[in-house]
Amino acid sequence: MSGLTAGANGVYVIAVTPFSGDGSIDMKSVDRMVDFYLEAGATGLTALGMMGEAPKLTIEESQAVVRRIIARVSGRVPIVVGVSSPGFAQMHTLTKLVMDEGAAGVMIAPPSSLRTDDQIVSYFGQAAEFVGGVPWVLQDFPLATGVQISVSTISRIVADNPNCVCLKHEDWPGLDKIGALRDTEKLNRRIAILCGNGGIYLPEEMGRGADGAMTGFAYPEMMVSVVKHHSKGEMDRARDLFDAYLPLARFEQQPGLGLAVRKYVLAKRGVIAEPTLRRPGAPLSASTRQDIEVLVARQEHRLRELG
Amino acid sequence: MSGLTAGANGVYVIAVTPFSGDGSIDMKSVDRMVDFYLEAGATGLTALGMMGEAPKLTIEESQAVVRRIIARVSGRVPIVVGVSSPGFAQMHTLTKLVMDEGAAGVMIAPPSSLRTDDQIVSYFGQAAEFVGGVPWVLQDFPLATGVQISVSTISRIVADNPNCVCLKHEDWPGLDKIGALRDTEKLNRRIAILCGNGGIYLPEEMGRGADGAMTGFAYPEMMVSVVKHHSKGEMDRARDLFDAYLPLARFEQQPGLGLAVRKYVLAKRGVIAEPTLRRPGAPLSASTRQDIEVLVARQEHRLRELG
Amino acid sequence: MSGLTAGANGVYVIAVTPFSGDGSIDMKSVDRMVDFYLEAGATGLTALGMMGEAPKLTIEESQAVVRRIIARVSGRVPIVVGVSSPGFAQMHTLTKLVMDEGAAGVMIAPPSSLRTDDQIVSYFGQAAEFVGGVPWVLQDFPLATGVQISVSTISRIVADNPNCVCLKHEDWPGLDKIGALRDTEKLNRRIAILCGNGGIYLPEEMGRGADGAMTGFAYPEMMVSVVKHHSKGEMDRARDLFDAYLPLARFEQQPGLGLAVRKYVLAKRGVIAEPTLRRPGAPLSASTRQDIEVLVARQEHRLRELG
Amino acid sequence: MSGLTAGANGVYVIAVTPFSGDGSIDMKSVDRMVDFYLEAGATGLTALGMMGEAPKLTIEESQAVVRRIIARVSGRVPIVVGVSSPGFAQMHTLTKLVMDEGAAGVMIAPPSSLRTDDQIVSYFGQAAEFVGGVPWVLQDFPLATGVQISVSTISRIVADNPNCVCLKHEDWPGLDKIGALRDTEKLNRRIAILCGNGGIYLPEEMGRGADGAMTGFAYPEMMVSVVKHHSKGEMDRARDLFDAYLPLARFEQQPGLGLAVRKYVLAKRGVIAEPTLRRPGAPLSASTRQDIEVLVARQEHRLRELG
């Protein structure tokens, strides 16, 4: 697989990490999940993201998961791997491991201690050195990291680091930020902008100039459809489909709970064998499972109406 | 108006504070807004909440706004007033002012410095003394305050303070928390639970035992409908209506931007004269206004389909 | 009194607000405290700072305290007043009140929600408009505010706002920052730099180019001595005195506890009648009082040795 | 070496990790540092603490450093190893590695996401399972972690986890907390309390019932002396020595800068070959080095005076 480029677009699904009931990695489910995502129209996959329970894996497990995903994908789409680490030595080690396995690039989120623009620019400059020439994705997710990265700061990072090829855009609110980044004066070159937040702003994000999504949702076909219809100028159809999925997408977007919802639905759909989260993740309450069942049934009904 | 009680239910709309283009308070719009909220079916109003731009008002202005709202409501529904302050002396002064004007109760959010359970319990115990026998609402909104209040902590606060009659529930995720609070073992007496978050989880919140909503949305009739149909057991109808409004509700729920969206729509609907926010609030971008127009048009279309 | 200027220097003592045992403001102690600070060599006073329990006062009380301080000072030194507020309307009102009373300038700390450089610059630009032509002090105290202000951001604020005449420097660590700000390339004009942190880095701060201190310590004569001896080039003498006071200064510098320590010592010295803090401030434990007594006794002994 | 017990006392020095100028680990300096700490009177060592640059090491490097320290100590004192990790899998792996090497116990700090008492109790309960029967130290350091752990929460953790044998006490202010924990009613059994904060409150901490220190300072002999003289009831002598070191200890205690100061002094004393920090650590400015030189010279002078 050649490397990730600034031309990335479509839907890079953030892959979950499937576990068996005993907490071990369920490699058969990894394979099925990869097939499912690609059949749904994913143009890329992202492994070991925050929603991939990355911090709960040992480095050996991280390597094994990435290896399995890459083997199953077999070059059909690029694989991005999250390598955010408490220190640069670990980031360097993990990056080398996964690039050797065949990843197309890595993704880096800032540590929560960063505050000033200069601190942020300096951090990514050093991180870029430690990942060493590998194409990388800048993860901009203030709700999770506590770090706010202004448009001018992104501009400096992009100018300083030729290997920064993509922004995983997850600022909230963030629509005007996409517009500002697409203003040709602001960045010295075009990078890919793939959006997060579980896809719940995807129609508007595409309208502002995003290239697609890099996020998770138990129905990735929603995101694929929105991007596809947007590219054909069929915005009403894109929004009709989006609206049908939105009640569940909104429910899945609850922080701290969303991954358990996603795994529950993926298991229900037969994609993964078990909805298990590794500890400290807790199972869903009966009431929450019931809420999901109602939402899924209504969603199926609405999709049939839409044809 | 008699005081707020633990029997509060329905929809307490968080009132915006209307400003003229020059930044002064627009009292005529206050009147029209009150009429609009009551015609939409509000069972109460909440003034000077976070979304009422309370910190941007002088104390004289706060008093004037509350006086005007109360005069216009003229006893038809209870008025709750946000009195969160950096110190207890200010909280005491503001509480006395608004209760003298005829408010039914006050609402208190915790300062962001609180961390441990004991600190939170102690803070509300002292606040209760300073508001002095007035019925009060505990505002539980971790996304804004940074303070997480566990079920057992709420239980201690309720047990300690007989005048704590209502929880403004805005934890996220927070559905299981409602369920836990409704578990008869957890609280020593029943208090009202009115939910926030712009109403975007209202069907599920009602299902868990909430008594209604205390939040804002430019279409308060959505919340009124959901509560009404839920009370009649017509959950499918409640959800059909909810789903029709959800694309816009989701858009309005963007933090930091949402109030400008709400005021834009309220001005568009003729409720307030101008969408102006007091500084440092910024006006909406042209792209955002266009997004709203699309969402409103689609919403109207969908509502006509639903009949 | 004419206004505060960029030539401010020496020791601006952060005044405590003395309360009687019943929590009311003790105006007689205000007078005695003013006399004490001026006799100790203060070149200015700062009222309603964070350590002045400002948020615990009503606006009427704030005005009364400032009026009393200014009356007692009677033009001998300039009075700076903290006007940090949750909103600009309140900041404007308080500023007008205290300048009418005869204050020389105001001090503004950033709200904890600010993160990016642009947000910080924009905030102070707007605040400067709202205080309206009054000389003001930029309070840079990340430990308390959570806001980190880089040298380049301070430079932008100083360039944008001619009335920003002084930095209350309280970053930690912050010595190199003073040096950077004194580098003639960094600021377009010289502003006063007065340092905080209870004076526990004062010798080093003076060495880096500070103009003095703006902070509190129950023995302000320590800070006056350090500044005086530094100005004469008697650094060893300055450090000898500093070292004698350091064990107590370090103890008083404990956050959250320090003000109670300071008031305890000021009461012990006969400066204020009671060590009372307004609630939620708690009284000192017996063990803490005992620690202070030991530290004061040893300090007196050491000072006698030094002569 | 047998395991760490609740009888731990004296001075557990937080070991730095020495690097060569090229950033590689300098094992010869590790040996010299171990000898130096033991000759200074350390009763234990703590490796891979926050001040040991632990997050900057790969897991192989972490293992190598711990192995070297343990080999050099050769059973003379117990070695505690910091194993705080983003996830339990990594914590488990690292714990197993270092216990196999011969460590006496591990130290665990809470992740910054924890807020409520229940969340904290639950986290340590799960962590205790993952470290699996190994004696462990609870690190209570709110300034660095953002997590505040109340006395009653510590009490619950100690009651739930028999292998929690020691508190690394670094709350600030925290003296009354030690007193509360020593109150026999509060804990169901006595655990060791070793204090942090660079030793700058050590005399008072010992007075409240601490068993010693677990922290770093370039002159560990200061802490050893304070503990020793305190145990003999020679508090004046303890304080005389403490006061002589305090000006430098205070300087070294600046967060973010302190480790560079410590390594500079350790290199100056010949303990480690180079003062190098791994990136992103920056070298000291010339002015800071000059400040240190003045402080060291004055300290030596004062110690000679004291005899």
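Letters are used for the chains, namely A, B, C and D, taken in the order the chains are written, and counting of residues starts over at 1 for each.
Rule of thumb we're sticking to: a contact is a pair of C-beta atoms (placed from the backbone, for glycine too) under 8 Å apart; a residue touches a chain by one contact, two chains touch by 3 or more.
Remember, it's a predicted structure, so these values are computed and weren't measured experimentally.
Student: Pick from B-D, C-D or A-D: which pair repeats the contacts of B-C, with over half of them the same residue pairs?
Tutor: A-D
Student: Looking at C-alpha means, what's the farthest chain from chain B?
Tutor: So the chain farthest away from chain B turns out to be D.
Student: Compare the two sides of the chain A and chain D interface and say whether they are made mostly of the same residue numbers, over half shared, or of different ones.
Tutor: Counting shared over all numbers used gives more than one half: same.
Student: Determine the centre-to-centre distance between chain A and chain C, using the mean Cα coordinates as centres, and give it in whole Å.
Tutor: That pair's centroid distance is 47 Å.
Student: Counting only Cα atoms for the centres, state how far chain A is from chain D in Å.
Tutor: 38
Student: Could you grab the centroid distance between chain A and chain B? Build each centroid from C-alpha atoms only and quote it in angstrom.
Tutor: The mean C-alpha positions of chain A and chain B differ by 33 Å.
Student: Note the residues in chain D that touch 2 or more other chains, in rising order.
Tutor: Chain D, residues with two or more chain partners: not present.
Student: Can you tell me, using the touch rule above, whether these chains form a line, ring, star, complete graph or other shape?
Tutor: Its topology is that of a complete graph.
Student: Considering the complex alone, what residue numbers of chain A touch chain B?
Tutor: Going through chain A, the ones touching chain B are 172-173, 175-176, 179, 200-201, 204, 207-208, 239, 242-243, 246-247, 250-251, 254-257, 285, 287-288, 291, 294, 298, 302.
Student: In their complex, what parts of chain A are in touch with chain D?
Tutor: Touching chain D: residues 53-59, 61, 85-90, 92-93, 112, 122-123, 126, 278-280 of chain A.
Student: Which stretch or stretches of chain B touch chain D in the complex?
Tutor: 115-119, 142, 147-150, 152-153
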